[in-house]
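Have a look at the structure that comes next, please.
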């Protein structure tokens, strides 16, 4: 599968979060911008930054949010009004059809003790229940995102808590699901991760500034070094003296019951990231090698679908000894706002984003590696183009198992009707896309990708790490 | 005083509200747009519309808000996504320096019984106290406007109320200050007015649709006819059967203690509006006549400063027998986003918005009528230009008394330091602006403008109709 | 007729021009902006400014143009890149349906002697013929405006001319029609006016800077004083020593054959302007007086349609003794980009721009004065609204004769099919618009408006001051 | 060198051209858009499309141009007004500092025989001389681009030519330099290529439509197939009967004197293009192999700088046997409008666009392949980062010789002062960038890249294929 674009209905990650606290008092908004830019692959539909000055009056939070990419929303001038040495940021992919600026994050709130800003990656499974409880007690909600439910929980707990981190811990004891959260109170930066470790979060440092980020690639992009991952179920607090304190949620689960999202490694996370001790590049190389072991084939070249299939193709090549090839050119100028082709041009328009380098594939038997098949349209077009350019055989290898079950933890899997894998057998899919052979990653091979890291496989095998609702929860809070 | 512009620091009204419920199911968003356009003089800094479909699922509210004039924020395409037969709208002038889209109205909320949209004109005097109480109980606030405090009150009361209008009534029993509110629940349109009648609100009808609006000019602009004013302290509810029910707040005050804002008549309200039985045009004509009686002068022509001084000038002319003249041309193309003049062009740039028609004033003794003097800069420039064009004398008549005290009820009076009247005597002002004589409306003459309508004169005489804080309340909720 | 708006098909002026040369070296772009803002009524569809620095390298012209009002096109930042002490500007109304930025002025050109910028108000009758001649000699044209034909003529003549003003004179000897032109060469500012004086142009001064402008209101708006009108057929040149030289075109006509456009006085020009010695305000007052003489009526009040009918109404009132009334409120916030009403709201939407002040007209016999009737829709709506508000009679007086013939000199008269006057008798029009009586200005009364100034009456009586084509010339150069 | 971005001063191509004529009458604007999108790498600063309908009135050309990428300039709605079955398009990189919409192409002109649209890639060496000749004869110029000189030449020749293609041929006999031109007359589509073949142009076909394009990748992107390259010195005309006629310029040179630009193969052209019979991918593979032969080294992996160094790295890997590695992640979301880092963040910000995959390079000796070194800053940063990530050695191989002389044919080589190669020896450069070894492609190896194709090497060895000016010609026509 190629990267997320408007004309591709694929899997989508929901968010990236970033926080920074500069204890020397330097402004952090530009660094947050760069950090978010390194996380842009996790969400392209809205973004925002909220900052505060810890030496100023409590609760003066300045924020700016907008719909679109960071480069579309932010301009140099805006940073003048975003001064402050503590701040958080967010990039978002919205699961609901209609975009709504109201739902953009960070959420910035006033409550008992002043101001609070919150950015959340993940999805709760008990948000509706909690919201109804609070509405019954007279609460009002401005958005349709579960992150606001978390904010309400924190505000309620704050009434009887001695400090903000206690309130956050108590609030997070109530919520269930996947969450990686960064929070900014007037004088503290806080990070929380759900007990199962479903969503990533790590800690870094640059000089006398501390950073929280969804992936360590965002640390490196601003010149910070990685300290450690936030542990599943951990609440990490950085205070104004630069002390990092840590406590754990009540429901922390033993390591073997943790459930790290395998899709972070298959394609959400950036190729140069390392999450929970597993390097994404290496995981994909090992995935490609597994495919080579499980589905060997006599072929001339191995080619990956840019960009997410390239590393797995390299792994397949290394394991099989079949040469790795650069078979595609990706046009990086094709806009996100796609000009719709007229009816009779639709057929030809599929070649716009990816084009085949004819001299590479002509007369060759090609192993084509991608990370997933959603509807099958894109891969079918690539196979047809490869053959049109002279490839004699095309053997497709997919570095994930077929996904057959809904994800309740923040991955936007299309509904069953759109998923080719839930409608057809592997052989039927092979025929439909025009491949000479087709192999999906076996579920049993997944652990090999990530070493001993316990992973969530629910979307492949229906075994969820916690109790989940019996219905679709997307949009249940409104849209 | 000329109309509100970026380069003029004058008195400013805070808001206009509009609501409509079409019982035949027709879309109302376009009519709300036109209605708000007729109220645009009450607020030019942000605007918004929220609509719902009473035949659809409860709580599906569609809204659109933005910074700027209606014509800048709304475009034809947006109305396609604003379908629904019940809706409310708002135009706003923000009292805080920095504009913030978060503070735009209508507020759209989810709470116990689904959705609620709220638009508010006025200012509360106990908002901070109420907000602190609620924060202490665990509430969170997304905005810095007192309107959100009202929404929270309603949500709390709704828990133990049988219907929305009861909750609204109970909530409004807690708030104190000036308020004219329109609310939309899934099936009802509600209007509330504070017990003193400080801010206007009226009811109209077009075919089988009911309308609530700050001024009746907004009714006429959409072809609706005026039914009646909402009474001070009244809660009016229009339900899905077209029934209009009414109840009153606990603290309703007797008519003689009501305190209608006199500035609505002097210049906030539109010339063609009629509020609480008093026609604005007639009030200004009578004001001009009072000035003629109190400050007669031997002159050749009477000229009003466009647009707000024209009617009072007409009244002065009719009462004195001195001919009414068209002495100014107003350039309607001068942009709101004013191109700043370079230093040496500043002097000449004052003539851009208003220019004098030389042949009208040459050799003439002029009575110049305006509604107020804030800093005195504008009127001084006009007098200088009139004399430059050949006027032999300029006698200034102001149709309001000097304002000397802060308004807590929604009028944005500049601080004392900017107010010329609180720094100088009338004779000093006359000299400074270069007038040959100067007369302010005496406070005792104000009742004559509005008949027996009880009015608030606090900004002139420091006698407030209710207890007010002992400090500046603008921005006390943040900005 | 109300002012030009998108939803009104009325008479339209084609352009306003402005030029400035500061001999002390100060930047002129901001002053040009203000000057154009005072001329914005002459054209709202595109605008532009071109400047140069006479102390810099020859031919470095900086320019900025755009579609829309000055306040929409220009922002403060742009003036930083528009430095220079000589410059010209233009506001334009395009006669063709489709707007095209290519046709915006000033035209900025390179030719034999460096750079040239040109801004033109008016219309040529021999542009097509000249363009074909030049095309036959190998010329190319980038625009569809006749102004580019003038530029080509100048460039051709420049080859054998000793100085730019000679080339301009020779070029203007070839062109026929209506023209008021300002030109900027590297070191000179030049103004030209056609021999008939059809379009206005005047000279002013501020300190050591000279100014050319379509109307003197633009001089006053920047603090310059009026020196004199450019004479019909005159070429005025201001050089770098501040000398104003003058020569005349070969075809200069005697004063009695001049043909000043009467519509400048009836409604194009601004109320505070004075053109060729005749004050616009006074001309309209005299027009209103003529109507009172020609069409007396027994009535209670006289009301003008804002803004262009107000002065004539005043004239009618003064001559008849019937009191002048403020009967309408004009909503200055109604946007140019009009939100289209749905079908069933169309009827009511006509009240949005102008509303009647009920208490003024109730029970009154009204004389309603406007400057023209094009299709009759607007006046019919006003009459209906006046009667709805209680006016017992409405007597319409129009301060221009019915126009029946095309204008070839820059006035965009709608085609005959749209003109009510060419389709119906006066009595038929009266009935259709619902007036109790109707009187148009008699052609014989026009001279009285402007003293002894010889005027063009061709659109009323088909007597053109020069030979004109036998076909429609609008868009003949493309669109 | 990475791709063109705002913060990188590298080599820049000047333009891409595209033309299409659908003989069945289908609209071509969307196909032109897609074709230009495939050529966007040739110019990102402005773009435009001009279309006409061959069955409509002659000379009705509709066009749309703007500054920025196609995806920024064009929106779906614009295609509604760009109907027509013949058209041309252009993407441009402007060599002058200030962008100017006037200079955007296609140029659309009116001349003797109606309309003409022209799009040009390349640079003339006698444009100034021709323009002065024409100005002396009275011509005027609206732009500062040499393409307008070509248009003038065509218009002049058209006067005495029987058909447009004759005029084009005669005009192109006058101009000297590099040019690939597509022209649209009312009924014909014409392509011209300079006698030396400096700039590419090819012909394609889709059903009953003919296409001209700078590279064949643009043909494939719209589903057209390649027919042949336009020959150096050839004028190709496609008429309304679908006939392709051909004639040659007078100055056509023998094949051995042709001078195809080698930089098209090194990095301008797209990886999947084939120009004049040489596949770009293969040329780069052979270039990499040459580097391996000339500069062998004992290393562990070969890595190319994305995207332009990847294929040469593959060639080096294949020839040397050293494994090819994926060592970098390119962040495709980094905006073109780069948020400037504050002073103390500048150092770290270089990692934003390209990041190193640590696990790939750790402990490895790396051969790093790029296509050129301009200032050396970027490669120095990459080397530093590679070593920071654990690379033990970095051996740099550059697939082009050092460029030392100006290009007069359309490549925007930075001035000598910015070129590191003209300031330092290879050893000095090696030290400065921190490489362990450095090898530039020897000039003598270049022919091996492109077979027997005669190439221009002037920027390396100062041997120009034609007489060139003795001064810098960029901006000589103004800016």
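As written, the chain order gives the labels A, B, C and D, with residue 1 at the start of each chain.
In the analysis below, a residue touches a chain if its C-beta (ideal position, glycine included) is under 8 Å from a C-beta of that chain, and two chains touch if they have at least 3 such contacts.
From a predicted model like this one, the values you see are computed outputs, not experimental measurements.
In summary, no chain was found to touch both chain A and chain D.
If each chain is reduced to the centroid of its CA atoms, chain B and chain D end up 60 Å from each other. In terms of their C-alpha centroids, the spacing between chain C and chain D amounts to 48 Å. Along chain B, no residue makes contact with two or more other chains. By the definition of touch given earlier, these chain pairs are in contact: A-B, A-D, B-C, C-D.
Listed in rising order, the residues of chain C touching chain D in the complex are 59, 101, 107-112, 116, 131, 135-142, 144, 151-152, 155-159, 477-478.
Chain contact summary for the complex, chain A toward chain D: residues 3, 26-27, 30-31, 33-34, 37-38, 40-41, 44, 69-72, 74-76, 79, 206, 217, 220-223, 270-272, 274, 279, 281-282, 307, 310-311, 314, 324, 326, 329, 331-337, 339-342, 344-345, 347-349, 351-352, 355-360.
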